[in-house]
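Chain naming follows the written order as A, B and C, and within any one chain the residues start at number 1.
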């Protein structure tokens, strides 16, 4: 029905830059999830698209129409708010038909559309209730119903599931996915929950501090995160990060570990590496859809640098891992640089393997968590923390030695200085 | 010389709309208002030109030139600011929403206020009022009225300082008992008890009753012969004669202790309001604090001291501030109890003295200066209150 | 919105609850004693609160010759409605009530409608001068009551509106405005903005969202503001005393005051009149008292 284009969209409050040059083109009928930690500007972007927030710079196009100055109701969008924003003084039916009545649509048509939407969402029995008589999940459905009846070109969802409990959230997630299949309209969905992003999205935009980190399909983003922030933000449990350096010994390339890197988006957000623009360089073939400027920024915040320096000062007897050459074709260029190796917990193999695998790392089990079908192992190799996931039941007590190795194909290497990906 | 408000409005409209038309043209066609120099230049040049034009073409004479310049300057600046901030700005809607209320306030509160300020620098009293009516001129008094406020007593007996002390005492005692009574009642009502709704209904009756009726009814109860209190006292003495020996007996409340009578009546009137406010505050305190305190082993009074009082402070402080201002300004009770002709002046506080000075003794300018002094005192008190309130608030918002 | 208010109003009553200790039986007894004390205290206070009202009622139904007496009983012997009959026949009481009603209703309506839009501007918009304007509103509360009477009187006189409804309405209309704005702003602040945004997306203008969403939701706060305006104008007499001079144009406050202020106070008629004006106001007040608590706390906390 409609495509959406963001062209260099920027939002400023005085000196404060909330969104910095967002560029993206969303195709018709696409389901795009904008994901990022709280305060990254994702909701602001959505509200700008809805016309609830002024656009400081750049332009937004819906269906190839420039809409910067268009009133929200004329943009042919519908929005589902985080707190649902159901009008408390109107019944469910009145809530759903409010927009249509404002448009002076004939009564019959209004009724038809409301009952149609109510049918899709199983709301028939609730039409005469007031919002306060509904449960959270029902309110959520009414909010979606209110969006559906308008038959908009674009659906906007602003963290719609964050007020629901875990079980209901899963149910509604499936409902929304089904709904998208049925409605075949463009959906833009904002969330901070990477599970929602992974499961719902056709494409994901990862946003941090007002800067687009990566845009791509869920699998691209999971397999080939373009920088430390995306790597830490997407995937649960979080990827293991290990500090170290590249060593070259003849033909062989090795990674020499020296400590645990600050993990995940939390540290990233406070440390500074995560705020960096993704580096689109030749060495890093990014997915075709990733957008990012090549602007270089101050590389690393002093606090972060200091912290890592402190960590390095500690005496460690570290391990060495061979890096397959297909992973890092131009290893020489990265010699003597601070490197972060990322490995997802699922790619940490536990146990002795055949001789072929030379890089067995001796670790000590600290804690193990049983999750039913699998088990999280919190391991420590000297002072490097590693999380591994194994099938249940791993019958070892804390303190026992556990040899592990990394799945070579799925190792990620990042430049510690600017956080960008250097491995293929 | 202050024009009456209608002359001012008329003048303003004529001048403003004339200039507005010209400047609107400039604005829309040349976007002059975007230039930085335009505001100061426009504010000086246009009025200068207009006032000279007045002098030339309207034969107004050069003596009125400064006055005209002043009026044009004010209206011009207003127009320029109007263009700059309202018409051009993104703030048109909020200003439009506020406009009716603030125009009303300006006409019916601000204008009278400034009129009083004007009066306070002149001399309007019974002997000059006819002259003022006929010629519109008043003798200028400078700061004399303000000096008089502190030196000449407004009433027959009490001077300013005595009244001030009486007022402060009155305010303090009233507020103290309002809060104390309101707090006790709110604590009592905040229990799980039967008939709670009925009790609450009965307890707000003094507040809900029309004040005139309430005060006059209470005044009746203080009547020396037929009032409830004296009837009860007389009966007590009749039953227990030894009490009379202790000096207990019917009291001439209204003539001997008028201020005390007024205070008792006002306390009775004011407790329900505080009770309602405090009750609201109590109900907004989460019960988990009390559960936690129970586990920590706090007793009833400890809970009161460390949980209830600190947590209702944010609700209580604004109510106390408002209550202080209202009590300080409370003319109703004192006027209704003692205000009739021949009534005593022993109970008068600042505001009622002000009212009597103006409408019983007809010293208008004097009372205007008096009112401004009272206003200043109140402003000081509430600034002090709000300071402490802000301090208390920021303590919790951390 | 209402949910929120309800939650605030439905009390938890644990303030006096003491931690569980001691045996079951003694605790039950303790509770009994405590409850008795609480009831006793409240009943005592309640009597103090309503006794004067009862006394007026009692006076109003006394036969003419025994209006003034030291008798303290509420229902006197040979109760009669003589005073009411005399009041309605010998004075312009109904006319006074009518005058008061017209003036009060009009001023309340004007006051609330002015305040509702102004408070909306304060609650939802950022604009230069906002803080200053709020402070200005607050400082109007410091103006002594007697101060504005003379200029208002002169103004009304110049307009030729002495002794008219319109003059009274003009004099009253803005006096509760600052307080009403304050209360309404506090209430609007609790209404989530997303409601208006949803309305904007649904196709209303900003003003439309205000009229269709915010105003209907603010009924409790609007009623409180209305109540404040109403009681202020209904009970006012200082300005009325200056502006109105013919007995036919009096508001009831002036009328009753006159009955009471003559050489021999017409106690019977005064009491009858007081009852007649008090009962409706009391009913309105009590009806809205459940909103009153939440409204006041909202206004003062959020202010």
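As a working rule, a residue touches a chain if its C-beta (ideal position, glycine included) is under 8 Å from a C-beta of that chain, and two chains touch if they have at least 3 such contacts.
Remember, predicted model here, so these are calculated numbers, not experimental data.
Trainee: My parser should flag the chain pair with the most contacts; which pair should that be?
Mentor: Contact tally peaks for the chain pair B-C.
Trainee: Going by the average position of its CA atoms, which chain sits the greatest distance from subunit B?
Mentor: With centres defined by C-alpha atoms, farthest from subunit B sits A.
Trainee: Calculate how many whole Å lie between the centre of subunit A and the centre of subunit B, each centre taken as the average of the chain's C-alpha atoms.
Mentor: Inter-chain centre distance comes to 57 Å.
Trainee: In angstrom, rounded to a whole number, how far apart do the mean CA points of subunit B and subunit C lie?
Mentor: So the centre of subunit B lies 17 Å away from the centre of subunit C.
Trainee: Which residues, counting only subunit A, touch subunit C once they are in their complex?
Mentor: 47, 50-52, 71-73, 77-79, 81-83, 85, 87-89, 98-99, 102-103, 132, 146, 150
Trainee: If we count contacts the way the header does, which residues on subunit B are in touch with subunit C in the complex?
Mentor: Touch list, subunit B to subunit C: 4-6, 85, 89, 91, 93-95, 97-98, 100-102, 104-105, 108-109, 111-113, 115-116, 119, 184-185, 187-194, 199-214, 216-218, 220-221, 225-226, 228, 231-232, 234, 268, 272, 276-277, 279-284, 287, 290-291, 294, 297, 299-300, 303-304, 308, 314-315, 318-319, 322, 325-326, 329, 331-332, 335, 340, 350-352, 354-355, 358-359, 364, 367-368, 371, 374-375, 378-379, 382.
Trainee: Which residues, counting only subunit C, touch subunit B once they are in their complex?
Mentor: 8-19, 35, 38-39, 41-43, 45-46, 48-53, 55-56, 68-70, 72, 114-115, 117-118, 120-122, 124-125, 127-128, 133, 137-152, 154-155, 158, 170-171, 173-175, 177-178, 181, 206-207, 231, 234-235, 237-238, 242, 253, 256-257, 260-261, 267, 270, 274, 277-278, 281-282, 285-286, 289, 292-294, 296-297, 300-301, 303
Trainee: Subunit A touches which residues of subunit C in the complex?
Mentor: 1-3, 192, 194-195, 197-205, 213, 216-217
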